[in-house]
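Look for chain A in each of the two complexes below; its partner is chain B in the first and chain C in the second.
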Partner chain A sequence: MTSSFVSATGVDEALSALAGGARPVAGGTDLVVGARQGKTPLPESLVAIHGLDELRGASASDRSLRLGALVTHAEIAAHPVVCERLTALADASSIVGSHATRAQGTLGGNLMNASPAMEVGGPLIVFGADVTLRSGAGERQVAVADLATGPGTTVAEPAELLTEVEIPLPPEGTGSAYVRLEYRRQMEIAVVGATAAVTIAGGRVAWAGVAITALAPTIKLVPDAEEALIGSDGGAAAVGEAARATAAAAEPISDVRASADYRRAMAEVVARRVVSAAVARARGETVAVPASSTLFAGGAS
Partner chain B sequence: MKVPVTLDVNGVAYPLELEPATTLLYAVREGVGLTGAKEGCDDSECGACMMLLDGQPVNSCSYLAVQADGREVTTVEGLADGDELSPLQRAFLEHGGVQCGFCTPGMLVSATALLAAEPRPTEDEVRIALSGNLCRCTGYDGIVNAVLEVSGTS
Partner chain C sequence: MSVAESEPPTFLRPDGKEKVTGAGRYTADLNLTGQLHAKLRYADHTHARIISIDAGRARAMPGVLAVVTHEDVPDVLYGDLAQDRRLFAKDRVRFEGDVIAAVAALTREIATEAAAAIEVEYEPLPAVSDIEAALADDAPLIHEDWESYEADEALGRDGNVLGYSTIVKGDADTAVDTADVVVKGRYVTEASQGAPIEPRALLAQWEGDRVTVWSSTQVPYAARAGVAHVLQIPQSHVRIVVPLLGGGFGSKCDFHYEGHVAALARAAGRPVKLVFSREEEFIAPDHRREGMVIELETGARKDGTLVARRGRLVLDGGAYCGEGGFFAQMAAMHACGPYVIENVNVGSTLVYTNNQPSGSIRAPTAPQVCWAVEQHMDELAEALELDPVELRRRTLIAEGDEGPTRQVFGPIAVRETLERAVEMIAPDGDLPEDEAIGVASGWWPSFGNQSGAYVKLNADGSGTIVTGAQENGSGAVMALPVLVADVLGMKPSDFSILYQDTDAAPFDAGSSGSQTTMNNGRAVVAAAGEVRDRLLDLAAEKLEVAREDLELADGQVRVVGSPSKAVDIAELAGSGEQLLGKGSGPVPESPPCDAEGCLGRLGMESFLEPQVFTHAARVKVDRETGVVRVLQVAAAHDSGVIVNRLGATGQVYGGVVMGIGQALLEVSQLDAEGRQRNPHLLDYKLVTASDAPRIDVAWIETPAQNGGPKGTKGVGEPPTVPTPGAIANAIARAIGERIRELPMTPERVWAAGQRG
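Moving on, here comes the complex of A and B:
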């Protein structure tokens, strides 16, 4: 039971509270739900950070997009740079939880909850995003790819607060997508998910990034799938090879939502669709956001 | 440890003393005394507890009341103007969007948030927006048709 609560009015106050053993709460969409479900009791000491306006901003430059830790999924999904240059992140942010989850849930909280099934992790890893972890002693940058160490665990120290995410913008000619297998259209999390990004130059794939979600203890890149795409024309043969490589990299578990065998079988299907969508977008074709709804609504092979 | 909190619910300020772990739903039902919002699943799956916080939808069963201190909370009781039902509430009645009524407060609040953000949603957008609200009676069609009528797209 929580016996201590403070609502921080500045980042320094929040960092002091963390150093004193408090745990942060922003939108509460994981922390409070986890406590209501009986999974994890609320921390003994809480510091609310929802009022810290300095963690709320979004700013774009020619090279990157910086998002404060308190930017919500709804704000990410609506950001014009995300929609135009980081489309996989738009796909992912626009299907997190429900309208309520996206209105309250924050990027920082989502990343630090470290679920291997979180929607935004794959796109951030594929785009090479970093997070800033700040404590009273200073700050450091950590790649999103290196942040989670397993389900629910990260490299962050208890006194560190995730304050910002910086996402490099991919070059012109890049298309990207995130797709998940879902049973319900809201209050869902990936049963199986995959992210793909490809840069096409002169009709050839010059760069590719592929990551899998809910298929391993952490979201991870699939180098074999990337190699299958690079240098190819992005056609069906290369897409099929990348999809098979993606399924081969999966280490799924069986749980209440799906068996490991089903997840492995669906990994190839989801990968084929997501790579195809990324290639199509790179070629300037329209695949509506969120790609999951577009590609699973019926008829997609 | 109790924390002094002022909840601004439907435009009225309610000073309360709350344990930090108290949910917004519990504070509004038991502390304020407004029982329109319902406890269904108590873990953000069903939407029966939906409220607006500074105009944005929130599953109040899973939000700490202390974090709503000084912010604007809207419940289903705040949608009507006195005895005058909102157009959405009237449309729910006309289209048979209400049967047992348990999900109705959450449905109305979610639909209100949708129409504030997107005044002319497509049927698909309505269905997606309300799919975080479970109804076990109506089959949803009456609810969806009510929202579409108010948006002028039916």
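Moving on, here comes the complex of A and C:
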């Protein structure tokens, strides 16, 4: 039960509270829901950071997009640079939880919750995004790919606050997508998910990134799938090979959502669909956001 | 012609605005001065002998004002058809939600800590979660003392068998050999949940030796009787008030926690409030729709004539009877369905297990059995090389036909519902190869019950309806002013409704069995009739005309044929005369049948004014993943005359969506000992508004002969019954494989596709 609650008025105040043992809360969509469900009790000491406007910004340059930790999923999904250049992130942000979750939940909180089923992790890893972790002692950059160490754990020290995410913009000719297997359209969590990005130059795949979600203790890249794509024409054969490589890289578990066997089989299906969508987008074809809704039986008819 | 048309098209329910704007107050919103917060201590095993309970440490904690166990209340058993449980576990726990103790403390946190500090020593016993295992000869007894319980003799109890019923007509065993085609099928359903969005909440306050309990219950009078019984006090000392109810779907039927909170408030000497967490709500007794094993065998002649149906059903009753004692017989009737079958032999067993007790979740037993029977009918059609719609057309009951207990039916429009549903869903051209359409038909009885109401006119000519009926959100109580206004020539909006207070209104069976319009509708019409009589007397005197020449219309009593000769009802109401009416109306009797050969007769062998229906579903199956999307449901219902079309159609929308959840996603997964693994809304997958398909609704209004006012029946439960069966038949048609497990999850559909 929480006995100390501070609403920080500046980042430094938040950092000193963290140094004193407090845990941060922004949207509360994981922290509060988890406590109500009896998973993890609320921390003894909380510092609310939702009022820190300096963590709320989104700014794009020629090279990258910087998103403050407090940017919400709904804001990310609506950002024009995300929609045009980082479409996989738009796919992911627009299907997190429910309307309420997307309006309330923040990017920083989502990343630090370190769920292997989180939607935005795959796209950020594939795009090579970094986070800034700040503490009273200074700050450091960590690749999103290196942030989570397992379900619910990260490399961040207790006194560090995730303040910003910087996402490099991929070159022209890149298409990307995030797709999850979903049982229902809202309030859903990925049973299996995958991200793909491909850059097509002169009709060949010049670069590719593939990551899997909810198929291992952390979201991870699949180098074998990327190799299968690079140098290919992005056609069915290469996509199929990448999909098989993705399934081979999966370390699925059995739980209340699905069996390991089903997850492994779905890894291939989801990978095939997500890579196909990324290739299509790279070629300038339209695949509506979010890709999940159109690539599964969810498709409106 | 329906009454609602007299005020088209916007009959607005009186509780609508406060609910939609958030201004409405639900039980959890109420607070009393000095109130304490309660926490229940649940069983730590699903089956164990209790060796000792030590609440000493909990009682000594600062901020704890009372701890109550079985020692603090009278040692009485309760239950509906079988009295098999105590308020607080005494010597045994039988499922994860059994209550050992209740704590009242200054805060919820202290109460939670204290509840955890109660020390209970157990001797664990082998838990029985599987229903077939519970029937084994050497199965551990869930209730060692079952023979000593008071129970309805007709249940046919025997060890872990809580109830056994048969439906027998003719000689099915011999007749099946004369059939041209025989099909057999085994279908298994897992448990699902009622899952209202409002978890239950209670607040109890004693004044002297009388207690008031505000409770989110669907059945306030059963709750009153329950509190009086377990505390051994007169019913007149117990008042149950229900603030706005945030949904029930049957999961808040029967008496449960009002007794615990009343006992706690008495012990603490202060008001006590209990608000359930989502997890507590999920494990509560009666919150569950039971799992079943359904084995069916049907023989037919080449023309489709159903020669014989044999069936064996096993139903998971869970740890206690609750109000689900009649389920075996109800399931057996649904295993026959609204079909003409020459010979029937269906046996249905309700068994005790160490699982959560099953309750009357919206049309209890019917969706699962209908899902099995309607797949079975499609399989039979395939074996007969008949179109599934054609087979139903030839075999569904029509007026004058005989049912499975030789009940002869009057006007019954189930075939018309079939034709309408099929017509509404007919596609413009060929369907894409991943889409298909399936149909399912079914029935659900009306229930005749005692019910009462008062109607009074106020001095300004407005009126108040005082009713014992309970509004569960369906709008049935909210539509009562339509009936009263019609009798009195007034507008529905002229009336306020006082409801959900057992001290104020006469008895009603509560919000269960789709019975509010049928039974309380008769009561308010009778009560309004008394007011009408008095108005006619007063007007006849005032206008100096014969009573017989008067009519009530447009807020006046006027002379038929010369409407200018009239007196305003408001004037009569303001004249100082008391305008009070009371009513209950005669309870319709069940129609005759011949159930001589049937065992376990609990009243379901005869279906009073059955509501009949057909749903047709169009689905799209993603074969690679097994994900099924329902694109359209066409729902045709005959629920008699419809009073409030907007409200009735809303019930179909909700029932269809609930049916889709039951069909595809909703399941309580259990561990080997009967504990739920997903008692929360992230992994217990309710269907969301975003998943809802296009829903087309048709009402076929055959006036009930022996039903509610104006030929009404019920509406609330039937819409959830045929949806899973229709979806199942559509999936089978799309992928060429049958899914014989419910729910038909993506993984199961995918696995079936792999077989094909």
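The rule we apply is simple: the second predicted complex is superposed on the first by the 296 of 301 C-alpha atoms of A that agree within 3 Å, B and C clash if a C-alpha of one lies under 4 Å from a C-alpha of the other, contacts with A are read in each partner's own complex, and residues count from 1 in each chain.
Everything below uses one rule, namely that contacts are C-beta pairs under 8 Å (C-beta built on N, C-alpha and C of every residue); 3 or more make two chains touch, one makes a residue touch a chain.
All figures in this text were calculated on a predicted structure; none of them were measured in a lab.
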| item | value |
| --- | --- |
| Joint occupancy of chain A by chain B and chain C, clash or fit | clash |
| First (chain B), second (chain C), both or neither touched by A:Ser115 | neither |
| Partner chain in contact with A:Arg257 - chain B first, chain C second, else both or neither | second |
| Which of chain B and chain C A:Arg36 touches, first, second, both or neither | both |
| A:Ile189 touches, of chain B and chain C: first, second, both or neither? | second |
| Partner chain in contact with A:Ala265 - chain B first, chain C second, else both or neither | second |
| Touching partner for A:Val25 - first (chain B), second (chain C), both, neither | first |
| Touching partner for A:Gln104 - first (chain B), second (chain C), both, neither | first |
| Contacts of A:Thr174 with chain B and chain C, given as first, second, both or neither | neither |
| Interface residues of chain A shared between complexes with chain B and chain C | 1, 36-37, 98, 184-187 |
| Partner chain C, residues of chain A touching it in the complex | 1, 36-38, 98, 181-187, 189, 256-259, 262, 265-266, 269, 296-299, 301 |
| Touching residues (chain side chain A, partner chain B) in the complex | 1-5, 7, 25, 28-29, 32-33, 35-37, 42, 46, 48, 50, 74, 97-101, 103-104, 184-187, 293 |
| Residues on chain C engaged by chain A in the complex (per definition of touch) | 109, 277-279, 434-435, 620-622, 624-625, 627-629, 631, 664-665, 669, 677-678, 680-683, 685, 687-691, 745-747, 750-751 |
| Partner chain A, residues of chain B touching it in the complex | 1, 3, 19-21, 23, 42-45, 47, 50, 53, 56-59, 61-64, 66-67, 69, 110, 113-114, 127-129, 131-132 |
